Structures are given as C-alpha cells and as structure tokens.
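Chains: A, B and C, in written order; residue numbering restarts at 1 for each.
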Amino acid sequence: MPSFVLEPDRALPFPADQRRVAREVYDQVKDLPLICMHGHVEPEVFAEDRAFADPAQLLIVPDHYVFRMLASQGVEPARLGVPRRDGGPSETDSRTIWRTFCASWKLFRGTPSRYWLEHELVEVFGVDQVPSAETADAIYDAVAACVADPGFRPRALLDRFRIEVISTTDAATSPLEQHARLAADGLGDRVLPTFRPDALAYLDRPTWRADVAALAEVSGVDTGSYDGFLEALRARRAAFVEAGALATDHGHLRAGTEPMEPATARALYTRVLDGGAASGAEVEAFAANLLFRMAEMSCEDGLVMQIHPGVLRDHSSSVFAAYGADKGYDIPVATEMTAALRPLLDRFGTDPRFRVILFTVDETVYSRELAPIAGTYPSVRLGAPWWFLDSPEGMRRFFETAVETAGFYNLSGFVDDTRAFASIPARHDLYRRVTAGFLARLVLEHRLSLDEAVETAADLAYHLPKQSYARR
Amino acid sequence: MPSFVLEPDRALPFPADQRRVAREVYDQVKDLPLICMHGHVEPEVFAEDRAFADPAQLLIVPDHYVFRMLASQGVEPARLGVPRRDGGPSETDSRTIWRTFCASWKLFRGTPSRYWLEHELVEVFGVDQVPSAETADAIYDAVAACVADPGFRPRALLDRFRIEVISTTDAATSPLEQHARLAADGLGDRVLPTFRPDALAYLDRPTWRADVAALAEVSGVDTGSYDGFLEALRARRAAFVEAGALATDHGHLRAGTEPMEPATARALYTRVLDGGAASGAEVEAFAANLLFRMAEMSCEDGLVMQIHPGVLRDHSSSVFAAYGADKGYDIPVATEMTAALRPLLDRFGTDPRFRVILFTVDETVYSRELAPIAGTYPSVRLGAPWWFLDSPEGMRRFFETAVETAGFYNLSGFVDDTRAFASIPARHDLYRRVTAGFLARLVLEHRLSLDEAVETAADLAYHLPKQSYARR
Amino acid sequence: MPSFVLEPDRALPFPADQRRVAREVYDQVKDLPLICMHGHVEPEVFAEDRAFADPAQLLIVPDHYVFRMLASQGVEPARLGVPRRDGGPSETDSRTIWRTFCASWKLFRGTPSRYWLEHELVEVFGVDQVPSAETADAIYDAVAACVADPGFRPRALLDRFRIEVISTTDAATSPLEQHARLAADGLGDRVLPTFRPDALAYLDRPTWRADVAALAEVSGVDTGSYDGFLEALRARRAAFVEAGALATDHGHLRAGTEPMEPATARALYTRVLDGGAASGAEVEAFAANLLFRMAEMSCEDGLVMQIHPGVLRDHSSSVFAAYGADKGYDIPVATEMTAALRPLLDRFGTDPRFRVILFTVDETVYSRELAPIAGTYPSVRLGAPWWFLDSPEGMRRFFETAVETAGFYNLSGFVDDTRAFASIPARHDLYRRVTAGFLARLVLEHRLSLDEAVETAADLAYHLPKQSYARR
C-alpha cells in the first residue's frame, strides 16, 4: 500500500538549487500567523463552537470543489449528501458518502483539492493511508475520532491553525447576532464580519423587495425611497464597523461602476419597489451605481472595498432548481475592467481615504488591465489568485503576469476564499510554497537578493494582507 | 554537414531529474496504439490504397502548415504546387516544389511543423540529411523511393503507424461510398466516418440550397420544409451510425447554441429556400439552432458531438479567390463559451445519453471557461490542444491551465487533427512526450506519485480518447 | 552594506546546463550594435547635444515607469518633480527628488525598471551602492559627476551605447528642423524621424482643427477639404522620407482599418472642420479610415507602418488635468485584431510594396490572432513585446506563445520603446539575455541545434529589426 505522507518539499520547485533557495525562503515564513480576511465560514461555527458532525459533513458536503469534481464524472451531488431543495432524496449516511468520495480519489489528480485534502487528512487528522475504496472506512474512523475530540472544535482550531484574524461574509441585512455573541466571548477582534450587500444590488432578484424590507427592519431606516435605501445601507455599514468589520465585499457579474443620476436612480428604485419591472440594462446600471455609492461611503467610513466580478452564477438551471446556489455551476466570463472601473477610479482612485482590492477569475486581465491599474492608482491593491486560480499553476502565473507591472507592494498578499474551514491552513501553506518558488527563481536569475526574497515572502504571506485590509 | 537524427530525448524537459522521470513515463506509453478520432484524411486514400504520388504531393501540397509558412515570407502558394482555382498557373514539377521547400528549412525553426517533418523524414522515410538547397535532391530521391514501395501504401501505413482506428470527416450529404468499400474490405471498424453538417448550417453559403437539395437526394427525405430538413439530417445520422460513425463535428464561427422557436425556424428556412435573404443575425441564429438540434439528436442516437468554434475562415478574399478554402488564411477570434453554450448545456449537459467534446483555438478560455465547464458538467469533455495549439508550448500551457480545474479525467485525451497522413505518428509522439514532461513535474513537486503519472499518461494517450468517443 | 554589481549571468535561466547554453548564445550577440527604430527621445537631445541637467532630470522625471510606481504607493508625481500644468507646485530640488526615489527602491522589486535602473546606474554611471535613503546622496553625486562629463553628452552616448541608428517620433506637422540640423552635422543617417499622424486621426481631439491648420502651414497644401488633407499628409510623408524616415507610427485605441467611402469621409471632414460635431462612431470610423489610407500611401512611398493599438489613454481625468498626457495612467484594453485588421490586410497584406509591424499590450492575441496573421500574410511582421510586456516574463511568454505559429522570421526582432535614453542599452541587453534563455531551452529539448540558436539570436537582436524597417 502506498504511504500517505506530506513530503516536506511538496509544491516547491526543482531543480535542486531552486528548491534549496525556495526552502530557505519558505522556512522563514511557514510559521507566520494566518490573516483570513475573505471567506465563507458561517459565524455560527465560531459562535456556537460545536463539534463538526462527521467527516463527510466536514470535508465533502460543504465543499463544492469536491462534489463538483465527482458530479463531472456522473456522480450526482445528492449521492454525496448535498441537500436537495426540490424535495428529491439525498444520501444521509455519511459513511456511504465518504466511501463514494474515497473511491474517486483518482479524479483529483493534478488539482489543488488534492493538495488541500492531503494536507487536511495527514496534517490535521493524522491519516496515513491513501484514500481508496479499501481504505475509506479506516480513514472515516480516524477522522471521526478527531472530530469528536474537543481539541478539534472550531475555536480550538483557530489556535491550532494559528489564525490571527478571520472574516466571515454577512448579508447587509444580517443583525450580526453571532458576532455580538463572539464579542461577548472575547473573540470580537478575531472573528470579524464583512459587509456584503449583493442581494440588494440586483433589482431583478426574486428576493429583492423582501431584502429591501429586511434592510429597513434591521436598520430602522425607511427604505421606501432610494435616498432612504442609501441611508439604510450607510447605517448598516456603521453597524458593521461597530462590530469590527474592516471590509465590504461585492460579487457582481460585471465590474461596471458608472454612477446613475440621482433622479434616474430614484425613479427606477421607486418603480421596481412598487412592483414594476426593470430592463436588463437598468438592472446592470443599478448594480454599477451601487458599487460607485459603496466607494463613496468607503471614503466616509474607511471600510476596504473588495470587488469579485466576472462569474455567471447558476449556469445550469436544472441543478439550481434541484440544489440551489453555490453548487459548482458558477462559470467565469471574460471580464472587462479598464473601462468598467474607470468611473470609480477616476473619482476615488487617488483619494487617500479609499482602498479597493480587485479580484478576478479571468486571468487575461492580470497583465493587460489589473497590474497596470494597481501599478498606478494608489487606492488599488490587486487581490490574490481567486477561486479556480488559487492553485499552484494559477498562483505561479499570477506572479509571472502581475508582478512586473504592479510590483509586489501593490498586491494584497494572500487572501483565502473558502467555505471549507479545515482547508484554510493548507491554502496558506500552498501559497507560501509557491511564493517561495517564484522568489527563488528571481534570486537565481539575480533579479533579487535572498534577503529581499525573504522579506518579500513575509510581506506577501502576512504583512501585506494586514496592511491592505486596515481600515483607512 | 550536420547530422539529421531524432534525439531520443527530444521534446522531453530538463533538468536531468525531470528528464529521467519523464523518460520513465514516456517509455510506458510510447508504443500504445493510436486512436485518431478527428482528422481530414480523405476516405479515398484508404479505400483506393494507391501509392502516394511523390514527396511534394505527400508532404507539402496538402499541408497548409507548411505552405503558409513559406507564403508568409513571400513564396506564393502556387510556387509550392498549391492548385489555383482562378485559372492562374501553379508549379507542377514536384522536384522544383521540393527544392523550394528544402531551401526554406530555416523558416520552420521553433515550430511544430519542424518537429513533425523531422519525425516523418527520419523515422518514416529514413532520411539522414538536414533539408537545404544542397540536400534537396537527395532527400527527394530517398522519399520518392519509399513512396514507390508497396509497404508505404496507406493501408500498410495504418499498420506501420499502429493506428487502431481513424476517423475521416464526411459531409452530411456524403453517400459514404468509400466507407462501404472499406467495410467490404474488412476495414469498416478501423476507418470510420464522422458526420459534418457545417455546409448546411450557414444559410448564407452560396452552396446552401444545392446542399439542401443534395441532402434530400441522399437521404430520400423531402427537405422542402424545416421539419423535413431535420428529418433528413436524422436519417443521415442513422446512415452514418450504420457505417460505423461515432461522432459528429461542427466547425462554427461562434459557439452559440440557442434554440429557435420552431415556427420561427420554419419560416426562416422556407424564406431562404425560396431564394430570400437572411440577415447576419438570422444566419447566426440558424447555425446556433442547428447545434442545439444536433445535441438533441445525439441524445437519441448516441453520436458524440465535437464543437470546434472560433475561426474566421478565408481571412484574405484574394487568396480565397485564387486558391479556395483551407489555405492557411483561417485566423482565430476571441471565443465566448460560457454564455454561448449555456442553452445546450442547460438542456443536455447532465443528460447521461449525451457527450460533447469542446475544442478551442482561443486558449484564454481554458482556465476561464472550458475547465470550469468540463469540471462540472458530466456530459462535457475538454478536447486536446487544437490546430495552432497542437505544439509543445501549446500543449504545456493546456495542461497547466486546464488540469487544475478540470482534472485529467474530464479531458478527451489526445485528438490529432491533420490533413497530412504521414504526420500522424509524429503528432501522437509529441503529445506523449509533452504529457510525460508535465507529469514528471508533478511527480518531482510531490503532487503525484510516479505510478499515478504512468497510469495518467496512458489514459491521456489511449484510454481517454477511446472512452470519450464511445457511442453513448 | 550589500554590494551593487551586475551579475554576469543576470536574467539568464537556470539550471546550470541551460545557463551554460544560454551564455554561449548570449556571448555571440551581446556586442552587436543597437537598432532603435521606435522611441520617444526628443530630436533636440541629439541636435543640441547638451549635457543632461542632473540625475533626477535624466532618470526619474521623464520616466513614467519610475514615477508611476511611486505614485501607486501614494507619492504624488509632483513630489518627484513631474511638472504640473494646472499651476500646482512641483518639487524642483533634484536632490530631494532623488532621495525620495532611492528611499523607495524596494517598490521596484520584480519589475523590469529595477533591471534597467541597475544596469544604468552600475554600467553607465559606475555606481556601486544599492539605492536607499542612506546612499541617495552619494549616488546622486556620482551620477551628477558623470552627467557633467562631456563623454556623457547625448552624441557621445550614441557611440558608447553602440547605437547604429535611432528613430525619434515626430508629429506629422513637425517641420523637422532638428533633423535638418542633425543632417547638417552628418548624423542624418543615424538619427531618423518617424511619421506620427495620430493628432490628426481623431476628430474629437480639442486640438484637431489647430493641427489641421498646422498641417496646411507646414506642407503648403490647402487642408480645407478631405482630399487636400490626404494630399497634405502625402506631402509630409515625402518630406519625412527626404529626411531619412523609414517608418510611420500609429497609436490608435482600436485596430480598426475599415476604409470609408470617400464621399462620406469628405462630408464628415468638412462638417467637423466647420465646427460641427462627430459622433463616437464617426470618430472611430475616421481613425480606421486613416489607417487604411496610410497603408495605401505606404505602398507608394515604402514607409514601414507600425500599429500600436489597445491603450486607453489618460484613464484618470484628475491626473490628466493636473499633469497632462503620458503620466502612467494609460491602461490597456482587450484588443481585437482579426476582424479589425481584415480590411487593411485583405487589400495590402500580400502586396510586396507593403510592410506593417503589429504591436500589442494584450498578450492574449499573440497565439490567437497575431501569430496566425504574421504566420501567413507576407506583409506582416509581429513587433517585439511592447511597453508593460518589455520585461523578462513578458518576453518569455511572447516567445512561447508567438514563435510556434509565426516562426522566428515573421518577428520584427527587438524594438525598444522608451523616453528614457539612458535605459536603451539595458533594454537591448535584457532582450538578448531572455532570447538566449528561450533558445537554450529549444537546444536542450533538441528542438534546435546550437548553431541555429546562435544565428537566430543574432537575427532577433540585429538583422531582423534592420530588415523589418528597411523601406520597401
């Protein structure tokens, strides 16, 4: 049986001289604390601090990277326990789910999921067998035993993982109750909310009117008018700041930021709130306007803005009907940034009160648009390789295409983005290894000294994320 | 005089440790049979099994990779024997053509054509001199001697090349006579037709009405109405299945797949058939509709669908006027896939009866669109690097950008696409070498074990193409 | 204190065997003369041959690569001495500017500016200390001492830099007085003008009418009509040819080349000249038409055409208002070439009298559009990696993505593009190193012999630029 160990030099480059330098760099940064300013772990996880249910519920069911790969080979998500919202059956036996996953281990070859899962299984849960149909039960038992241990509860893992600070993602309408509880427990500086108003940005969402009503409710501001709507958003931002938030997050389809004339926005808002329809162009214009208004408010309250554009959500309507959102059927589209961001950057891009971090899953814009933008506008930081690009090859290409124009110091440093809490250390570790590999190349090509490489690696892993997300 | 040999380690990576691992992987797969499910060798070649005319007619005149490179330096295609359809003169002396080619050997530096031609000349024809003005005649004589040998006839080469199965490309209106002859000769399982209805897809082709008439003729179905047109296509597909076809092939400009309302399609079809004009938008809509209908029929008859979009054909109207189609003036365009394929995937992408293989010459869509699509839709396989990308660097980038998201097992494995029969082994060999190099890197970075790498290489070279093209 | 030396192997690849081969190739080309056919050094510099003012005025103030990087970290351009046109204050003390720059040396890590500046400081000015707040004054003094030396005057540097020929960029309306003076001094064959009619191409430029008037003035041709306008352009081109020009240069936003109907163009020209407005579409159509007409004239007078499309100029209106053009706020956009260039290439692309060199800052078009176009149209050469892409990684990607389809001999070879005169040798040196590294890889993968690699490197560095810019 093949051994299941984490090679100390995994994901470091070769040949031997590059590996040696990369190792020197990596060793200096591997133990730095983790700054986790963007993620989708639910605040309840930390507020309630309950034990995770079982291996499948911890590692498979909430991780769309995992179940999408099996789905792509014909294993329906329901067979992996992904709950259906259409009333159809879904596997409930976690051991069965786990066996299905282990039997498909081969499918993850060459993917970052494989790297993360290996790291989690070996490093976090002490597994020493390669997943397979034969080893599934033994591994299940080993992970289940860990999960039952109080040392593996979420708050304990915050320490074990050396997480200095972690942000959750919270709807603008969230009352932030869990964060209040965390603050009461002394975790208010360690688990922070992030303000995400996306549900309110798109006028054609079936839930838009309900969300506008909820916004009024939670803010105590009448949202019957566009001005009231903006005022209520401003009030919620203040509440988030009060609760420790450092940032807002915006997951639009396009990066458009053109402001609307207030009169036009008022009329459109009122029409839709009254039950009228908005055209596709109006929907997009309103969303773009919201980004502009959010930037305006960031200048006032100092929240760092994060823009994550370019993903067409719920590409398969049948999968969406069966399972709902975030089920692996979100597909990127080409993302124009230069013209789209111009209104926002032209107005706020040189304002010292403003900071925006730009992400993309369209890597063609790194060298063409994002690096030139980040390399000149003082308000802009270029976010870390995101989602599908949070991978060894994706990160390498990011450094190769972005750094020459943006430099290292206009990057945000590493930002992980995951729903899978246990994968966080693996993701940071991988980034530190790939960073070390890239920097080692610069050293060996005499483009950087070793001392500079070590300092830069530490900046990317720790100091830059901390600085980039400091409230202005 | 420099020696002309094939280095055993050509196209394998260095440094030495990577080359050693790559060599180990390559050695395990280099002798696997060839699966050639997409190509443009004419069925007559195998049906008639005549000797090739001479070196120029075998290696230069039919290969647009070769004559386009000389054209780009001012050598008109006619000087290389490419026939003119405008009545202008074209070189007919094959030895003269061959001399012009050999004198321009330098132009192929750094191109895959150079790799293929070296492989063909040395490995297939036993040439041992580097092509040049001085060596042209000697090489011509050596190749001519081979070509005259019965052991170099097409059917003999099928064996010599270890081709297990090869597909031709056949118009929907083809009566498949050559394939009938091949079946009679016991080659029906080895040389297969592929159903290509492109001539019928674009309403503005000058030949469209004639092709619709030919379709009626060959199918025996009245194509006077849109419904009859679809019925005739269905009948031809059945005839192709009967003749051993496994797949259809679609070379559209755009990847649009939006179905038309049947009433709209009927009216448009009738109007154009009656001599009316279609707008540009209507032409495109009808082509998109045809892709949707073909997918619908694939669910019925199990033919695997291949989509090859994104090439603007006959970019130079003067070259087209002089020489006709496929003369090196086909230039790729940016290809949007996420939105364009949505109607088709939304309807058939999770249907177990359906299989589609997607190709592109716009490599920006690998990481942005195609890998995310192939990495979640069970019906989709991502085709091999195609056309200009069927090259060492193109393949390497393909693996680096597609595998992390799609995994290896949502790839089609290698699919060659050539008119130049003698280049087929070279193309497969190059793919196996580049694959081995990529896998060796994963092994050395501890991202894959050597055993896994060997198994994956064999899957990519042989098993995946076979599985991907298995009729559903 | 860290030593500040130029490592002999800088920017050469490793491992050792690749470096050894790269070194062999590089050594054969490193001393070839420089062909500098595209740049923005002012002709006055050579005509007047005055000493440069001081280190800051030589190396920082005119170099937007340098001051944009500091601007991106919040150091306003005015603090670096960039003059304001809005009347605001700007630092005038060059030593202060120099200190600010040296204290920010860290920001240039990983950028080509770092490589160029190191080369300039060490090789040209003999500096031996790493720039920092502590070393700023000593370095300033060292560079200032050089600058005061007659051996560092512009004409002397032409020799020291081994510049065989250098082109300036001159408005179509330039009277070419400086070039006349250069010719009188025997430098007419060494410092050449380039014809740049961009100011006349865009009907919506505030200065358009004034430029049309200036065109009439300098050409002596009445520009009151569109036909007169074309005639005046033709006259200026003749004057440029007379003054030694080999090329024209066109920096359009889009690559569109569709000709307008003369009647339409006439009416539009007259309307705008008479003070009327042009729509956005008309402005773009007129600019596209101008490219077509310039190609037409190139067939007559043999000037090589250069097209540099795809940059949205002056992205920040506030920076433009404060500082004017070319201040680091020019951001690339996605650039469609296949359809846009079709009218021009269809008409002139196979004409032996015509030569066009195509540049891009959208590197996605290399493998998708530009290499296929350059690899078939005899009139086309693919320009060198431009602007943000004139960097180690940018050049490497260029070779990896363009050469397999275009070959080496459809490339222009190296073309530098700089306002910073003293950086020219560094840029050519870097290109020669990166070229050597790429070719060494081909040698080690047995895709090219060492002799071929050496010849190709010399062609790319020297012979191809000379041939590409030879008047037809």
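Note that a contact is a pair of C-beta atoms (placed from the backbone, for glycine too) under 8 Å apart; a residue touches a chain by one contact, two chains touch by 3 or more.
Computed from a predicted model, the values in this text were never measured in an experiment.
At the chain A-chain C interface, residue numbers used by both copies make up under half of all numbers present, so the two copies contact each other through mostly different positions.
Annotation, chain B versus chain C: rotation angle of 120 degrees from the Cα superposition, expressed as a multiple of 5.
Look at where the CA atoms of chain A average out and do the same for chain C: the two points lie 40 Å apart.
With touch defined as above, residues shared between interfaces to two or more other chains in chain B number as follows: 15, 334, 364.
Considering their complex, residues 15, 17-18, 334, 336, 338-339, 342, 345-346, 349-350, 352, 364, 367-369, 371-378, 380, 400-401, 403-410, 442, 444-449, 451-452, 456 of chain C touch chain B. If you check the complex, the residues on chain B that touch chain C are 2, 7, 9-16, 68-69, 71-74, 106-112, 114-115, 312, 315-319, 328-334, 361-364, 388-389, 391-394, 397.
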